[in-house]
Amino acid sequence: MADVKLTGVHKYYGNVHAVRGLDLTISDGEFAVLVGPSGCGKSTLLRTIAGLEDPDDGTIAIGGAIVNDLRPRERNIAMVFQNYALYPYLTVNENIAFGLRARKTPEIEIRKRVSEAAEMLGIGNLLQRYPRQLSGGQRQRVAIGRAIVRKADLFLFDEPLSNLDAQLRDEMRTEIKRLHHEITTTMIYVTHDQVEAMTLADRIVLLRDGKIEQQGAPLELFERPRTGFVAGFLGSPSINLIPATLTAMNGGLSVVFGSGESLTVPPAKATALSSVAGREVIVGIRPQHFGRAGDGPLRDGVVPYSAVADLIQPTGTRTFTTIKIGGVDAVAELQAHDVQSHGERIQLAIDLNRMVLIDPATGSVIA
Amino acid sequence: MTFSLSFNGTEHRRPSRLGRVLEDRLPYLIVAPAILVLLLVGLFPLIYSLIVSFQRITMTDNDTSFAGLLNYAELFRDTRLWASLGHTAIITAIALPLELLIGFLMAQLFIDRMPGRQLFVALLVLPTVISPIVAGATWRLLFDVRFGPIGEILSFFAGEPIRILWTVNPAYVYPAIIICEVWQWSPFMFLLLLAALSNVDQSQLEAAEIDGASYLRVLRAIILPAIAPVIAVACLIRGLDLVRIFDIIWALTEGGPGSMTETISLYTYVQGFSQFETSYTAAISFLVIALLTLITTLVLKRMEIAR
Amino acid sequence: MRLMKLPTRKGRVLVLRYIGAGVVTLLFLFPVYWLFMISFKTPDEIYHVPPLWMPGQIQFSNYYVLFKDGDVMAILNSLIVAGVSSAIAIILGTLCAYSLARFGTGGENLAMWIISQRMIPPIAVVFPIFLIYVYFGLVDGYFGLIVLYTAFNLPYVIWMMRGYIVDVPLELEESALVDGLNRWQVIWKVVFPMVRPGLMATSVFTFVFAWNDFLFALVLTRTEVITFPVMLTHYFGGQSNFWAKIAAMSVLGTLPIFVAVTVMQRYLVRGISLGAVKG
């Protein structure tokens, strides 16, 4: 059990400044997910915590002790790698016991822990096999088993699911979440997949260009992104971003699009924005915040909008529909049967209470 | 030993200072012994040889005074030296293409799967791995004018008795050497080319087949370009080996008749170990190294240009 | 129609290929066959005109003579010298290769220098080495030959093993580092098992090179540590060749290699081709 505290960590690869003065605290027992586009420094950061890379500056503390000078094996961590890193010349049993043998754990203890872990992961019947005789999902379980038996202070996962097919990935994701509930060790998990990040994390740390863009609980980042980048990175399909001008209109504020169309900003948001009227903004509306307009009156801040359905992509439960807002393509996520055919005119309701307005110059969210 | 130094059973104790140093310096520690041996046996004699080549040491006279370029100037007046280089060039120029061609044909024969292919390949490798001295001795027995089977076989096909003094008759010594050399090393080419051919992109070949391209066209347009790098490397390896050819000739003709098949390696050996022209031998050695370096560099340059 | 014809055409081609394969194999193995047959012949059969294609009966007196005269010591010498030098070259070379492959020690220059060591023709260094060995009294001893063969095999081992080690996934080593091994243990417990096939192939070739060497052994041995190729040349001499001894000694000197090559066969093709293709 341990917390992790990074202070002012820098890492260079030649001329590339991969991690740029990063501070991060992960508390004991927390499941933190480092997420970001490729090249954002998330893997480097994880490897630095593991001790596989040395930071060029800054300190790394695990469980209150600074570990900069400690070797990976001295940090009492366990790590699961992208390609499983199973030893092909060892059986599953020997693979799982590898770390314990390396630490000269008594043989009785090894046997006990291996069978516990195997049972927890449902691979008890595979112990005598070799990795090449296993499926991808089974290999991943063995790799996780090898980490569990170590009873380490800290678990590190480096994109462990990216080599699995979609269905297995969902399954293993659930497995890992359950694992964390059972053993409650601090876990740091690297992924580029925002769905994995959202579903697994107690806390998401969103990285960009070697710095933390924003961190917090998944829904906090989703609902209150601090920058356009965060808004765009999380959520599927991506948030719709439409350029517009904030304009004072009819005693309130509206966003006016290039096409001349306009939407009224809800009064709750408008008061905070009155000082910046006349500015260029980017309006961010999530596909989930569209709906088919019903017969009854609309709630405050929900505005009607009439659009023509262009592309229609049913997924079974929901149907993604491409429409034009302010002359720009946007995706609306509707109920399965809300829209029938290409070219159909549909009456939509947009929940503007949850829209974000982004400053195009700085990329940060104004409201 | 080092394991116990740098490793403790408990999880949080640090290893000893010595263990840490051993681990930190590991990249250099494990390079050092090999480099040391190479310097000692590879570089040191070369430097020593370079010094000797500028002195006047012969069998009778241990004169270590500075001779300038005397020995190197002597190289240009030494007709037997240039003759031996010529012999080396002849053998290389004939044997290398032959080995390549035969190796390629063999590879073509075995490229498609057939039951028992592994066995054939295993058997065909044998000539390549036996000692060149044994190869030479074997062919000496085969070529023997009275008790060897070659003459018998040739007589059978010719329909009249054929008696050839293969290792003595000036007209046949080169064929004898080259036959033996080609017998031993074609299988080497075969193995390399077989591996290269089986790496040729199958989909390209299939596409060509569907397009109705002739075999020669496929060979020129697809196969040869694909295996060209391997051919180049194989020729380089074999070429360098042929230039230093020694064992087979020693076993077959010992350079004879006279000095007719004396290659540069044999000549150097004679100068060093029969004539004991110490300083002059050193100079010859550097001529050989210079020539080989030149050839290698040229070949590698051409390969890079081709790429 | 086409479906009916296809198998027969393929079948015919296959038969032709088997015939071709048989002829080629026969051609290349005939000299080996002849060598073995002579070693089993009596002197009368060896010096028979016309030559006999087969001995009347398999008899081992030619080998017996080699043992009686003590000539087999040459085989033993070869075994010791080639075996020990290969073992040392493999250990030193693999460690060096690991450092080059994983840490890029010495950069490209060191790697190139090591490979260039292999290009140096033996004839160019044998003479100065001889002089140095005479000076240090190393001629005609095991130690001198072993050091020499080790040095001459090292570039090959390093070159080959570097190729194999580069193919070992880095994650395996990192995982072991996290799990509790130090670098030395990682080499021993992860890298060695991973490159075992390559190690086998390389060992065989290293052994064969040392075993087959003639020039160095010719120059650096006198009476004590004569290796089998040198012993073989002692039997040559104009028309009075000791054919029986030549054949029997050749077979004895070839058998260990045939055995090694046959046992390791599945590793060798990769060993030969990889070395050249990657070069």
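For reference, chains read A, B and C in written order, and residue numbers begin at 1 within each chain.
By our rule, contacts are C-beta pairs under 8 Å (C-beta built on N, C-alpha and C of every residue); 3 or more make two chains touch, one makes a residue touch a chain.
Which protein is which chain? UniProt says A = ABC transporter ATP-binding protein; B = Sugar ABC transporter permease; C = Binding-protein-dependent transport systems inner membrane component.
Small disclaimer: the values here were computed from a predicted structure and weren't measured.
The most distant chain from subunit C, with centres taken as the mean of CA atoms, is A.
Of the two chain pairs shown, A-C and B-C, the one joined by more C-beta contacts is B-C. Our note on geometry: subunit A versus subunit B, Cα centroid distance of 59 Å, whole angstroms.
Separating the centre of subunit A from that of subunit C, both taken as means of CA atoms, is a distance of 57 Å.
Taking each chain's centre as the average of its CA atoms, subunit B and subunit C sit 14 Å apart.
Shared contact sites, meaning residues of subunit B that touch two or more other chains, fall at 11, 15, 23. Within subunit A, residues 71, 103 each touch two or more of the remaining chains. Annotation for subunit C: residues touching 2 or more other chains are 180, 182, 185. Contact residues on subunit C toward subunit A in their complex (touch as defined above): 169, 171-172, 174-182, 185, 190, 193-194, 196. Interface of subunit B with subunit C (complex): residues 2-3, 6-7, 11, 15, 19, 22-23, 26-28, 30-31, 33-35, 37-38, 40-42, 44-46, 48-49, 52, 106, 109-110, 112, 114, 118, 120-127, 129-135, 137-142, 146-149, 152, 183, 186-188, 191-192, 194-196, 199, 229-230, 233-234, 237, 240, 243-244, 246-247, 250-251, 254, 264-265, 268-269, 272-273, 278, 281-282, 285-286, 288-289, 292-293, 296. Residues 14, 17-18, 20-21, 24-25, 28-29, 31-32, 34-35, 38, 46-51, 53, 92-93, 95-96, 98-100, 102-103, 105-106, 110, 114, 117, 119-132, 147-148, 150-152, 154-155, 158, 180, 182-185, 187-188, 208, 211-212, 214-215, 219, 228-229, 232-233, 236, 241, 243, 246-247, 250, 253-254, 257-258, 261-262, 265, 268-270, 272-273, 276-277, 279 of subunit C are the ones touching subunit B in the complex.
By the touch criterion given at the top, residues 50-52, 71-73, 77-79, 81-83, 85, 87-89, 98-99, 102-103, 146, 150, 156 of subunit A touch subunit C in their complex.
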